[in-house]
Amino acid sequence: MAKPVIEMKDIEKHFGQIIALAGVSLEVVPGECHCLLGDNGAGKSTFIKTMSGVHKPTKGEILLDGAPLSFDTPRDAIDAGIATVYQDLAMIPLMSISRNFFMGNEPLVGRGPIKFFNHELANEVTMAEMRKMGISLRGPDQAVGTLSGGERQTVAIARAVYFGARVLILDEPTSALGVRQTSNVLATIDKVRKKGVAVVFITHNVRHAMAVGDRFTVLNRGKTLGTAPKGEITSEELQDMMAGGQELATLEGSLSGTV
Amino acid sequence: MKSMFKALALTAIIAVAPLAFTTTANAEGEKYILVSHAPDSDSWWNTIKNGIALAGEQMGVEVEYRNPPTGDLGDMARLIDQAAASGPNGIITTLADFDVLSGPIRAAVDQGINVIIINSGSAEQAREVGALMFVGQPEYDAGFAAGLRAKGDGVESFVCVNHVISNAAVAERCRGFADGLGIDLGDSMIDVGQDPAEIKNRVLAYLSANPDVDAIITLGPVSADPTILALEENGMAGQIYFGTFDLGTEIVKAIKSGVIQWGIDQQPFLQAYLPVIILTNYDRYGVLPGNNINSGPGFVTKDGLEMVEKFAGEYR
Amino acid sequence: MSDPATVVSGDERVKTTSPLRKALLRPELGAIFGTVVVFAMFALLASNSGMFSAAGILNWSTVSAQFAIIAVGACLLMIAGEFDLSIGSMIGFAGMSIALLAVTFGWPMWAAILVTFAICLAIGALNGFIVVKTGLPSFIVTLALLFILRGFTIFVPQTLERKTIIGGIREAADGDWLASLFGGKVLTPLFSWMGDNGWIEVYDRGVNAGKPIVDGVPALIVWALVLVVFAHVLLTRTRFGNWIFASGGDARAASYVGVPVNRVKILMFVFTAFCATVLATCQVMEFGSAGADRGVLKEFEAIISVVIGGALLTGGYGSIIGAGLGALIFGVVQQGLFFAGVESSLFRVFLGLILLLAVVLNTYIRRLITGER
């Protein structure tokens, strides 16, 4: 297996008296889709916010290409090639697609101290990148609000990849989507992985994880319960681990396996 | 696309519709505009509105009343510009701040519009901006006369309840009153704002903090009405010496019941009525009185309240 | 996006749009339309009242320019997702500061103006700093500043001079290089030439006889135009403009991609304070005095102009051109109603109606553009 791009070692995060993460480890190699599974409250959000520089870990190490580093701001993480696509914060619906696409990375044109936003370049790139992802737009000045939820996720993923993300963290990208849109997003994840980007796919939906995942890590009550490669674990086992074992197994019996 | 145009068209119709009901036809004949400095909330100016309306009716001329809604004098300067641009025969205006208003007034005069200054300002300032005359009450003199009267009644200290702290002309009344009494104005003038509840509470607070105050002076119904309520509440009504400038319904009642010793009437009716009459006759026959007109001060006391009572808030 | 019918997988689901619709669908469409309606309305009602004479045009364009100057600042701030209710108090405060420094303390006018700008920009920054650091709604923070500034504006001159209107500014500003930037007029030779040719009205008596009634374009109008153009370019053509939209659209999403949201918001508060101070300076230079009650309720006039111009109260959406046109509509309606001879107390009724109609129309247009529902 290739060398990991990013390694998170024994990450702990405390908020006052509350221990949100109590030793979480994870590594991602280029070109793999590493699924991070966990129920609500398992610590998924805290963990990805630590990974993307929003929180600083209380204890533990972050290694990028084997070298330790710490992020002070989200900007540092982005500069290091770690991009995060948040479930509901991916895009600003009132702004046009191209303005969203280049938000924070606006291309400039002009001489001397006065520089202008290069709308021409932004529009061109946006249209081209969207075509690559299989989305046809009315125009680059179309507002993001006119897109469907799946398309918004796709735009956000395309944006991250375009700006050189080596690690792409996806926070529950499919949780609010319908079946058709979900499959579009999963297809996008597959495209991105094939480009050699390391994808961290956070979800609590085992089926979505099994569809694209190469490796699976389960998070429960702030701890990792271990990592398993594809084929060595079944969806039932993942489901059990997420729920902490017992209760769901009992429940599953009475619901005859529909959960 | 269609629905968008429909929405736009509908909006247009709704926007224009109310105008059909409110546009007053431009009557033939002379037109005079009165511009005041009073905000919409100042009810004292109702007498002025009624005054010009009556004069307009009697003389068969068109009259208009305009004021800056918030009382901002900068806005008032624009109103005078605007009144001049609409080409009336004459403008009747107050001169609340010479610096702000003298430019626009002078420009109107230079455009050939007759101007009469009323209410605020002075005869000298009216002459300086090129106005025909000044109709009003010399504020300092009115205050001074009131001060002399109060001194004769044995008053030694007072509080001046000022609801228009930014109007320098009105504050002159307090200065004149202090000089009439022969004492220093000092901290006797309090800024109470325009809200009745606030005015009432500040007067109550001041009186309990300064129990040795002899007299209260209010500068108009806006400050007098809540002050009357305040005195009724703390039991000083009729006990403390109370004089006011300007009249209003509540003030007249209080004079009758003995809560207020006297009111100084600047007779705003005359300030509105006379200029319209004077301007019309000047435009029609070229006649003009040779003097400025002092519409006040007239002391109104318990005696002879009948007419005042009948027309309080309307023409008095 | 809960409606499954909007799932778009290919071209066939994207509605085709005509170029005309595309050109029309802009945030400022409502304001453009409103401007046309308002001018058409007054052309019918007030055409022979002097409203469209040189003096009449100057009158309503000066009033509109006043609104526009503060609306530009309020518009950028609103797009960045914040409010400033202290604009009106800032106008009074800035004017009084200039008057006190120049007249009471006898400073040279340029120094009084520069120091006033520095103080007011610092207060704007303080507004912004408190808002971003505490996370309190800007509505509350700036409401506090509204009272604090107004209180000082009344208290200080009363303590120092025992009055609340400070005059003598015109004399103090005489010949001052910086003051002429705010109080002068431009294009005066053009206007006197037009007057000489009888194209515009001239005074027929007084010391100014023969001179045109409108002898130039006031600096106020020039400032309004300059600020509109500057802010429009800043908003639509620069990186910073994108950040303004992003900060107001969704502050968290913007900061996650590295937009310095707090800095953007503080700078917008500073810019709003700058616009208020420009208006205050122009006013005191023109009127020659500063009063403690100047600028009362002006913040609402600014916000109304901005909203008529199509900006969204909650931020992230709007147009400077729209705000400028909103100010024009506001000014033309306010003065036009007087020209048309409408009873002045009905002005507020019209203002309310126009505001309501503008918001309804703008919401409709915005939904077409952004796909909100």
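Order of writing sets the labels: A, B and C. Residues in every chain begin at 1.
Assume a residue touches a chain if its C-beta (ideal position, glycine included) is under 8 Å from a C-beta of that chain, and two chains touch if they have at least 3 such contacts.
Each chain and its UniProt protein: A = ATP-binding cassette domain-containing protein; B = Sugar ABC transporter substrate-binding protein; C = Xylose transport system permease protein XylH.
The model shown is predicted, which means the values in this text are computed figures rather than measured ones.
A.B. asks: Going only between touching chains, how few steps reach chain C from chain A?
C.D. replies: 1
A.B. asks: Grab the C-alpha centre of each chain and report whichever is closest to the global C-alpha centre.
C.D. replies: C
A.B. asks: Please indicate which chain is farthest from chain C, where distance is taken between mean Cα coordinates of the chains.
C.D. replies: A
A.B. asks: Distance between chain A and chain C based on Cα centroids, please, to the nearest Å.
C.D. replies: Between these chains, centre-to-centre, one finds 43 Å.
A.B. asks: At what distance in angstrom does the C-alpha mean of chain B lie from that of chain A?
C.D. replies: 70
A.B. asks: Can you work out the whole-Å distance between the CA centroids of chain B and chain C?
C.D. replies: Chain B and chain C have C-alpha centres separated by 31 Å.
A.B. asks: What are the residues of chain B that contact at least two other chains?
C.D. replies: None at all.
A.B. asks: For chain B, which residues are in contact with chain C within the complex?
C.D. replies: 1, 4, 7-8, 11-12, 14-16, 18-19, 22-24, 26, 40, 64-67, 69-74, 77-79, 81-87, 97-100, 103, 106-107, 109-112, 130, 165-166, 168, 171, 191
A.B. asks: Under the stated contact criterion, what part of chain C meets chain B in this complex?
C.D. replies: Residues 18, 20-21, 24, 33-34, 37-38, 41, 45, 48-51, 53, 55-56, 58-60, 62-63, 154, 158, 163-165, 167-170, 201, 203-209, 213, 283, 286-289, 291-298, 335, 338-350, 353-354, 357, 360-361, 364-365, 368 of chain C touch chain B in their complex.
A.B. asks: Okay, in this complex, where on chain C does chain A touch?
C.D. replies: Residues of chain C touching chain A: 1, 4, 6-11, 14-15, 17, 22, 236-239, 241-243, 245-246, 249-250, 252-259, 312, 316-317, 369-372.
A.B. asks: What does chain A use to touch chain C in their complex?
C.D. replies: 52, 54, 73-75, 78, 84, 86, 89-95, 99, 102-106, 108, 115-117, 119, 135-139, 143, 145-152, 178, 180-181, 184
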